Amino acid sequence: MAGNSFGKIFKLTTFGESHGQAIGGIIDGCPSGLELDLKAIQSELDRRKPGQSKIVTQRKESDSVEFLSGLFEGKTTGTPIGFLIMNTNQNSKDYSHIKDVYRPSHADYTYEKKYGVRDYRGGGRSSARETACRVVAGAIAKQLINSIEIHAFTSSVGDIFLEKPYQSLDFSKTETNAVRCPDPEVANKMIEKIQSIKKDGNTIGGTVTCILKNVPVGLGEPVFDKLHADLGKAMLSINAVKGFEYGSGFCGARMTGKEHNDLFNEDGSTKTNLSGGIQGGISNGMDIYFRVAFKPVATIIQKQETLDKAGNIVEMQGKGRHDPCVVPRAVPIVEAMAALVLADFYLINKIYN
Amino acid sequence: MAGNSFGKIFKLTTFGESHGQAIGGIIDGCPSGLELDLKAIQSELDRRKPGQSKIVTQRKESDSVEFLSGLFEGKTTGTPIGFLIMNTNQNSKDYSHIKDVYRPSHADYTYEKKYGVRDYRGGGRSSARETACRVVAGAIAKQLINSIEIHAFTSSVGDIFLEKPYQSLDFSKTETNAVRCPDPEVANKMIEKIQSIKKDGNTIGGTVTCILKNVPVGLGEPVFDKLHADLGKAMLSINAVKGFEYGSGFCGARMTGKEHNDLFNEDGSTKTNLSGGIQGGISNGMDIYFRVAFKPVATIIQKQETLDKAGNIVEMQGKGRHDPCVVPRAVPIVEAMAALVLADFYLINKIYN
Amino acid sequence: MAGNSFGKIFKLTTFGESHGQAIGGIIDGCPSGLELDLKAIQSELDRRKPGQSKIVTQRKESDSVEFLSGLFEGKTTGTPIGFLIMNTNQNSKDYSHIKDVYRPSHADYTYEKKYGVRDYRGGGRSSARETACRVVAGAIAKQLINSIEIHAFTSSVGDIFLEKPYQSLDFSKTETNAVRCPDPEVANKMIEKIQSIKKDGNTIGGTVTCILKNVPVGLGEPVFDKLHADLGKAMLSINAVKGFEYGSGFCGARMTGKEHNDLFNEDGSTKTNLSGGIQGGISNGMDIYFRVAFKPVATIIQKQETLDKAGNIVEMQGKGRHDPCVVPRAVPIVEAMAALVLADFYLINKIYN
Amino acid sequence: MAGNSFGKIFKLTTFGESHGQAIGGIIDGCPSGLELDLKAIQSELDRRKPGQSKIVTQRKESDSVEFLSGLFEGKTTGTPIGFLIMNTNQNSKDYSHIKDVYRPSHADYTYEKKYGVRDYRGGGRSSARETACRVVAGAIAKQLINSIEIHAFTSSVGDIFLEKPYQSLDFSKTETNAVRCPDPEVANKMIEKIQSIKKDGNTIGGTVTCILKNVPVGLGEPVFDKLHADLGKAMLSINAVKGFEYGSGFCGARMTGKEHNDLFNEDGSTKTNLSGGIQGGISNGMDIYFRVAFKPVATIIQKQETLDKAGNIVEMQGKGRHDPCVVPRAVPIVEAMAALVLADFYLINKIYN
């Protein structure tokens, strides 16, 4: 009810605040006998971790995951997988200036009103640090459904868009640049944009696009738990997300049925794929693709007016170490959440086959 | 698991196919002592029902809801509310031509692959007829949270957009025209558009915008069950939806932090509202607004090629009675789903206060 | 949350009051392609229905179940199965005498305090009439897991016990007598006992024993959802149940480890079965057996003192048509609940195999 | 689905094996602002921990709980409470002799068959060590519902019964002896019994009785989630439990309605309390009492025959450090589980009031 769990069969529950001793989670429902590649898990975490490049926050965290249960002689045992990531580089004094202040467009105000208390250090539970736990679970989910390919990448930063159709992209290049855009030329422009924004003490939004290939036909449940509805919820649960569209998305709303319908080939595949690989909430075997909008990070270094607990408007200046653009580090998080949704439906599907 | 339930506390489970004897549902978790206005419930159903105007399907259904339990002397008793809506005007023979054929961009193919069998008449369970049950439950939810205002309306049909800011709209006009656009001038253009599309035997997409006013501060759970994540899932679970955005949405992804941040007033309200009334997944007391994209209806009257069960490409022509544009009838469904999400979080919030 | 659903994968949600228009339910999660034997379902309902013999209540209800969805051409489609049982013989005026009175050892008082209102007619939602819906769902579950045998029977009425070991019983005789005891001689004593109690205007308790044969190894989840824990909850959720034990049960608490341990045969079966077919919450392939204690029905025809809403102690006399002993009609309910638990774990197990 | 979570609102998820690095859990849904008495939590753990007296296992574990999140300046914040208990004294080599052997009446065989692999050291996940996590969560639940009194105690060991009515007991004496029986004389007999059994290398079963006082009227949900059904499931989920009864229990099945009915006093309390404080699944304000049967521990030091993986019957002799009787250490576990059930229903009840 309190919303710290995700998934029905492959179920992740997370805990932890940005500046507590550790964050961590429990994965319940992972099948037994899965040989886990622990390096691959750590490598996903490394893609998300702070301090990895000049265009992300300079907070240094090793973000090493430690598994406490559910593994025996390298394999999952079917029992819950408990794991920890220690917080090692929290500068809590960085945050004393916000103890009595609600930062604009942050969760400070709403947490305070909802709970009466809040751990203000580094955003506490509302910090995107929590997503490290999702990346751990997502990395395990990826290994479970390893025949499915999941490719997320930065598709825009501010007004700089990657306009090529995804079919023409070389996903092996996504990890070759700091912004995680598979087109090196566009990547450079994005990086320049972020650097210039950072110099201004400002931040900028962007989008992540994600492609799911080789999804078996039949994933997703009709009515409320449609595959795209659960993907949408998963993405909208990531910090800073403002929108989700799949297939033709908002463009589809401007089209006619004749334009939009995907005609079949004889093998059940379709000639076009405006549907985005999902019909009636159920995967049809074509590529699934969706786009996620991230707002600019709220913490800016420039001075802003804000509100204190006593109800006064006061001036504040951002401190701490923050991302000028959340999108590069969001790429592995989007993949992780997609993997969690797919793993869940993949396991649900085994019930009925 | 099979996805026919929605909500955690105020929980709706639905059943029924388009051409079965009846559809219906059970609402579990509605508090006792709520005096139900049954006419208001029927009136919401009438907004969704087929045959109400020239721009929607001409299938005639009375769509009268019958309550079988959970009410005693006009009040809810705290026990589950069972309800039925009879199917009276199903022309099943309209569908014999699709028995062995998968209509393009429909759920025919994916249902067949997932379940091995399907009730092909009128789309069976994949028909939007199921949403009538959501409207019943949403109408009860509206009565439970009656201090919150919920205003959905058609904000675009194809390329015809309602461009005025929502603050300038008179929502009392939404129901004065067949397309449910609160600006009569734009409404006329939308209606003309739909009529011309219909004449062509084609269909067209559109968007619905929804405004939630007077939402108390504190609704929504952090992390996975963010208010906007659950709203997003609710909307994406409606038939034909391809996208969801709230607050600044996809536009927000092009902005800088300085532009996007909502500065506070002394009373905790904000000067701007690009956040869309939600911070960190929790309502902040400002208006919540979001936009939902609907694709064009897949059933067109024009001839199309399609696939039959035997794997042959065959020509088919749409029959039956269909909507040329789903958006006008989607308006009450969007409201119903929003009401279900709000009711759920409203009740969850009572646990902690 | 409000407790009207049972099961995780094979999930039943019920609605309905004793004297409303109908009771019914939705089964969500039944796999597709199951050919349903509707007569077998009705026949289970007939075992539970009132008026079937002289030793049960004389209320006459046809208890015919009507399926509204989820079936197509005789097979399940994977979509939710909605069903109704009309209430036809409710004598609501029988209950006007209890409108303002709380019957001793009934749910009248607690419902009133919890909900503020209650449908007092026939016990409303607290009536065991609700269990008819469980029998419908249980009958479908039985067909899903039809290789498992489920044999419940009356094992005691008051002080009359069926003392033979279950291995020596002929379950084909259970349905040959009104009390549902597979030993005809003991059955006769039980029937006499109930008749004499009924003549006194009194009621009597009893126990039901249930044997599950051919349960595959591996059903049940460790820790909280142990197979016997879910069986226990299922049984304790039946009206009038006061206790549950499985395997050695309360007797086991008097034994030593040496006496109690079940030594293995070479094929993994065990020489004894004090464990009752479950080890660590997981079925081991041996027979599962458990015993359920039912209290005497609270409604007696003899005069009793009771409390009215105004806080006065008043004399009341039972009216209406009631069971002198609930146990004979409880037998099919125990079987139905066992089938629901087994079907759920059977489907969960498919996830992991 | 995999069964490692308990509770709907106040929800505990646990992880950890007997001989892993640590066990732990996450409590989600604890309200914010609760000032936690950490010493009281540790003190509950100390009641359960091994090595506390001569009649329990001599494994030495400090069982110190460490909280990693959800607390700020001594108070709960409404975010998930993550906690760890390190395993410090595991003698894994004690278990090498059972690596390829299934101990009689243990979960070894069923885990192996269900999962294909198992962490055999100390029983792995099937070890009662997991219950330490329940005691932590239960201790927090107790603080949340601190107006309710929870008194569990040992009511029998083998054939030695505490026969006095609970109303005559002095619960302050429960903790004054190693067996946790509030009657010192009976306690001594129980302790002697356990010591003599231990000397034989044997083990013995027993029962725990639990009394809940000052439970507010209205806890519990009708139909499937009756208060006693959830208490029953909670107790049956504890290792080694074979039975549960509340109120009149199995004795009630031998009584008549006239004997069994609890007549009202004018204030709504009842003159007798055979109902055990629950009517129709909902608490009525009277004392709730129930009894839980524990089988003898399966690990005995005497030689036994057993089965190895290769399918041979082999002789084995128990090693390791084990409890001769599980009941004294089960007392705090029974209380913890009762507290979890009550906390859950207490919070659910806030929704509707």
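Note that the chains are named A, B, C and D in the order they appear, and that numbering of residues resets to 1 at the start of each chain.
Following the convention adopted for this analysis, contacts are C-beta pairs under 8 Å (C-beta built on N, C-alpha and C of every residue); 3 or more make two chains touch, one makes a residue touch a chain.
Remember, predicted model here, so these are calculated numbers, not experimental data.
The set of chains touching chain A and also touching chain D is given as B, C. Judged by contacting C-beta pairs, the busier of the interfaces B-C and C-D is C-D. Per-chain CA centroids place chain A at a distance of 47 Å from chain C. Look at where the CA atoms of chain B average out and do the same for chain C: the two points lie 39 Å apart. Centre-to-centre, using mean CA coordinates, chain C is 27 Å away from chain D. Shared interface positions of chain D, defined as residues touching 2 or more other chains, are 1-5, 8-9, 14, 29, 32, 78-79, 114-115, 125, 222, 348, 351-352. Within the complex, the chain D residues that touch chain A are 1-5, 8-9, 11, 13-17, 20-26, 28-29, 32-33, 68-70, 72-73, 75, 77-82, 84, 114-119, 124-125. Against chain B, the residues of chain A that register as touching in their complex are 1-6, 8-9, 14, 102, 104-107, 109-111, 113-115, 125-126, 130, 156, 158-159, 197, 202-207, 217-218, 220-226, 228-230, 232-233, 236-237, 239, 242-250, 252-268, 270, 274-276, 278-284, 293-300, 302, 304-307, 311-313, 348, 351-352. On the chain B side of its complex with chain D, the touching residues are 1, 9, 29, 31-32, 78-79, 222, 347-348, 350-353.
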